[in-house]
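Across the two complexes that follow, chain A remains constant while its partner is chain B and subsequently chain C.
== the complex of A and B ==
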C-alpha cells in the first residue's frame, strides 16, 4: 500500500485553493444520498403492501354469526365491499368498532360492510355484538381459510373491494374516521 | 403557565445560539479576543437556557401538569415518579429537549476547557457547535414542540410507551446514546475550525482526539446496552439483527474508530490530516443520518419513533451539514501541510492504513445494506429488505481481518523493518493463535470462521499482552520492583498507550465472544404440556405450570419452568408473554439464566393456560456475558486514555518549545 493510497491529504499542499475533485465527488455522493432519503419521506415502512391489491378478491362463502344461509362473495358483486377481519380478544378492534358501525350506518346500501371473525368463538362474538352493537353482518371463518386466502397476518385488517370485486386497498391498523373516509373513496366512484 | 415559560426558554435558546454562532464566526474571522469572550458568554447562556427548559419539563412531568402538551402525551398519574422522570426522553419531543441539554453540557465543558487555548480555532469551533444548537432549538420551537399549552388539560394521561418500562436497560440506553451522538458535534466543530483555518497543528490534535474519544466511549456503551436490551427483552435469542436503527448507531462508531486510529498516525507523523478530518466530519454526519433514521419514520425498525413531522426538517439539516462539510473539505484540504511521510506496507504505518481502509469498507457495507431497500423502493416501487445473511457475510470477514490487524499492527515496529525484525515480531504470537484454536477445537468448535476468529484472537491476545508487558520488563531490568514498574510504565507515563492496549484486549475479546456465541449455541423449539420434561444442552427443563397474571397496565401469561443441570436444582425460570393495552401484538419477555460460560435462554412462543400447553424456544448461548464484559473493558480503557498522563502533560508540552518529540505518543513507553 503506497503512502498516497486513498488519501487526498498527502498531496502537495497548495495555497487556498479549491479541490474540485473533492467537491465534485462529495456533491455527487451527497446528492445521491439526499435524493434517496427525500423520495422515501412520508412513506410508512410498517405498511407492507399486499400483493392482492389490484387483483380480484378471493371468493368466500361463510356462515353468518347467529346462523342462516352462507354469505357468498358472488352475491355481493355490484357494490363496493368493506371486509373487516376482527376478533373479540383484540383491543384495537374494539377501538375501531365504533367507526365501522357508524360509517356502515351512514353509507347505508351504497357500500356493503362485512365482518369476518378471526380465531374466535361464536358465543363470545354474540356477547360482544350485543354489548357494542352492530349495523352489518359478521361471518364465521372456520379454520381461518378465508383469512389465509386474504393473507391476514393479524387483526384488525380491513380490505376495501370495489364493485367489480377487485381489492383496492388493505389497512392493517385500527381505522380512524379519516382513514376510513380516505379508503372508501378508493372503492366508491 | 408552565408551557408558556418553557416556550420562552426555548425561543431564548434559539436566539442566543443563533447570535452565538454568528459572533463565533465573526470572532474567528477577525481574531478579536472580545468577540471570542462574547461567543463564550452566549454558549454558556445557551447551555443554561437548555438546562432550565429541561428542569422545567422534569418538574412538569413530576407534578403531572397535563396543561403541558408533552406531559399530556406521555405522563400519567399511575406511573411511579422514576418512570415520570425518565419519560423525559421516552418520546420524540422530550428526547429532542434532552438532546438540547446534553448539547449544552458538552458545549459548556468544551468551551471552558479551551477558553485560553487554541485561540485560532476555538471561536470557529464554538460557532459550529452553536449553529447545531440553533438547529435543535429550532426543532423545539417549531416542528417538535414539547411545551404547547393544552387548553383543557385532561385529568390523566396515557403514560410512556410500555416497552420502555419493560426493562431497566431502556432507561440507561438512550442517555448513553445521546451522549455519544451529541458528543460527535464537538469534534465536528473542531475539525470544521481546522478546515476553515486551513491548518491542523500538532497541538490541536490532542483536543481533537480526546473530544472524539469521549463520545466514542459513550457510543460503545450505548451500542452494547442496546444489544443487551434486545437480548434480554425481545426474545428471539440474539443481540444484534442489523436493524436500521442498530446500524444507525454502529455507522458513526465505525468511522469514529477509524478516525481515532488515523488521528494517532497524524499526531505521530504529521500525515493524513485531511483524511483524519474527513473521518471526523463523517462521524458527525452519520449521527445526523442516524437521527433521521430513528426520527423520520422512513426506516422500518423495532424502535423507530414513527409518524413524525420532523423528518423533513432533519433531512434539511443533514443536507446543510453535508454540503457544508463537502465545501469545507474542498476548500480546506489542500491547505493542510504534510510534515512527515509514511512507511511502506510492512510497517505499523501500513497496518494503520489497512485498518482505516477496512473500517471505511465496513462503514460502506453497512450503509449500503441499510439504504438499499430505500433505493429499490424509490426506483422500482418494490418493497424489499436486506437481511442478516448479507450483513453477516460481509461483516464476518471484515471483523476477523480487523481482529488480525489488532495483532499484526502493534507487533510491527514504526517505520521500516528488516526481514529479521519482522520475523522476530510476527512469528512468536503464532503460538498464542495456535493455542486458542486448539483449545477451541478441543471444546468442539468446528465452524471454520469461528476457528479463524479464535486463532486470530489468540494471536492478538499474545501481542497485546507482550506490548503491555514490554515496558514493565524494561523497568524491571533496570532494577525496579514489579509494582513500581507497572505503576510507572502503565499509569504514570505510558497511560495512553497502555489504555489503548486495554481497549484492544476488550475489542479482541468481544470479536471472539461474538464469533463463539453466534455459532456454538444450541437452539430447540419445544412443544410441552404441563408436567412434561425436555432437555436442551446439559439442562433439563420441566414445564410446571402456565399462569395468567393481571397487572395494572398489562396482562401476562407466565410459564413456570423448573431447571436442573446434571441433577442439580437450578430453580424456576419464568419466561412470559405480555399483552399491553396499547399494543396490537403481545410482547414476550424471555427468561435468561446467565453463568460464566453460557446462558440458558427461554422464550415463550405460544402459551395457553387453559389447555396447559406451551411452545418454548430454548437456547444455550455460550459466551454472551463476555460480550458485555468486553465492552466494559473497552469503555474503561477509553476512559483511562482520557486522563492525561503525567509524563506528557499538555502543560509541559506547551510550556517548553513545541518539540515534536514531546508531543508525540510515547510508543515504547
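== the complex of A and C ==
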C-alpha cells in the first residue's frame, strides 16, 4: 500500500544483487576458514615442527652435574643420542623421568642418553637425582646457550639425534614408554 | 718484538677458541664470520636492545625478547649481546636464532614466499574497503534514478497502513498532532469540530 512507500520494503534489483554478493563473499571466507580447520584437525597439537629436524645437531660442550670434564657433542658421535632438556621445577619432567631412566638402562651402550638442566640450580638437581635415581649424566647449561641453540622454548623437550649427529625428532611433551620407543626407532636402525 | 706479537696473537686466538668451546657452538659455523665491527659500551647496549626488540620471546607469546621479564628472554638478550659484541650484524643474529626457533622467532616476518601476503593483505583490505564504500555511495543514486518518487506514491492524509494495529497508532498520532477527532481528517465540506 502507499503508506509503506517511505521504507524500502520492496528491494531494488541493485540492492538485492549487493546482498547476494555479500552473502557469497561471506560463504567464501567461511569455507576457507573451515578448510583450514579441517586440514589441521588431525594434527597432534604437541608436535612442534622444529627447523632443526633433519639438520646437524648444534655442537655443545657442557660440564656434568657433580663436576668433571665437560661432555662434548663431538665425543658422542657414532652412537644415537637422546638429549633431554629438563628441570626439577617442571612437573612433566618428573613424570617422564622414570621412562628416561629405565629406557637408558635397557638400551645400555646402544643409545647415549644425556640430560641438560634448564634454568635450575646444581644443588637441587643433585637432590632430585638422588631421590628419583639416574642412569645417565645430566649437564649444566648455566647461560642457556645450548638450550637456545637447540631452540628450546620450555621443558621437557627431547631431541633424538642419530649416530651421524643429525636431529631426527623433537618431542615437546613428557615421553611415555610408547612415544620413547617410537622415537628411538627413528635414530636406531 | 715480532715474536712477542706473534705469541700474543696466538694466545688471543687460543683464548677465543677456548671461549667458543665453553659456550658449545661457534656461531660463525651457523651464520658465517661476523660482518660488522666488534662493539662495546653504549653502542653495544643500543645495538643489542634494538635487535632484542626484533626477536619474539618463545616462552611468552606476544612479547619481544627485549620486553619480556622471563629468564629465557634474559638469556636470549645475553646471547644477542655476545653476538653483537663479536661483530655479528643484525641479519646474522636474527638468522642465528631463526636456525633454532624457526621464522616464528622474528617479530617482523621477512619479505619472502607466503609472507608477501602478510605485507600486502592490509593494502589489499584498504583498497577493497574503499571499493565497497565507493559502491555503497553510488548505489542510492542508482535507486533514485530507477524510481523517482511521485506525489501519487506518497501517503495522503487519509491513507492508512494495511496492518490494523499500525493503523490504530497512525490515527492516534494524527489525533495528537493535528487535533483531528479519532485521527480522521475533517472533510472539506464538514463544519469545524468546535462549532458542533
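For this structure, a couple of remarks:
In the analysis below, the second predicted complex is superposed on the first by the 146 of 189 C-alpha atoms of A that agree within 3 Å, B and C clash if a C-alpha of one lies under 4 Å from a C-alpha of the other, contacts with A are read in each partner's own complex, and residues count from 1 in each chain.
As a working rule, a contact is a pair of C-beta atoms (placed from the backbone, for glycine too) under 8 Å apart; a residue touches a chain by one contact, two chains touch by 3 or more.
Because the structure is a prediction, the values reported are computed rather than measured.
Of the two partner chains placed by the overlay, only chain C lies in contact with A:51; chain B stays clear of it.
By the touch criterion stated above, A:123 is placed in contact with neither chain B nor chain C. In the superposition on chain A, A:61 makes contact with chain C only, not with chain B.
The larger set of touched chain A residues comes from B, when the choice is between chain B and chain C.
Contacts of A:148 after superposition: chain C is touched, whereas chain B is not reached.
Of the two partner chains placed around the shared chain by superposition, neither chain B nor chain C is touched by A:178. In the superposition on chain A, contact of A:17 is made with chain B only, not with chain C. By the touch criterion defined above, A:38 reaches chain B but does not reach chain C. Touching of chain A by both chain B and chain C, each in its own complex, is seen for residues 1-3, 5-6, 8, 12, 14-15, 18, 49, 154.
Put simply, chain A touches chain C in their complex at residues 1-6, 8, 12, 14-15, 18, 49-52, 58-62, 70, 73, 119, 143-151, 153-154. Interface residues of chain C facing chain A in the complex, by the touch rule stated above, are 21-26, 29-30, 58-59, 71-72, 75-76, 78-79, 97-103, 135, 139, 142-143, 146-147, 149, 152-156, 159-162, 170. Residues 1-3, 5-20, 22-23, 26-27, 30, 33-46, 48-49, 90-92, 154, 173 of chain A are the ones that touch chain B when the two sit in their complex.
Interface residues of chain B facing chain A in the complex, by the touch rule stated above, are 198, 271-277, 289, 292, 296-301, 304, 306-307, 311-312, 315, 318-319, 322-323, 325-327, 329-331, 333-338, 341-345, 349-350, 353-354, 357, 371, 374-375, 377-378, 383, 581-582, 584-585.
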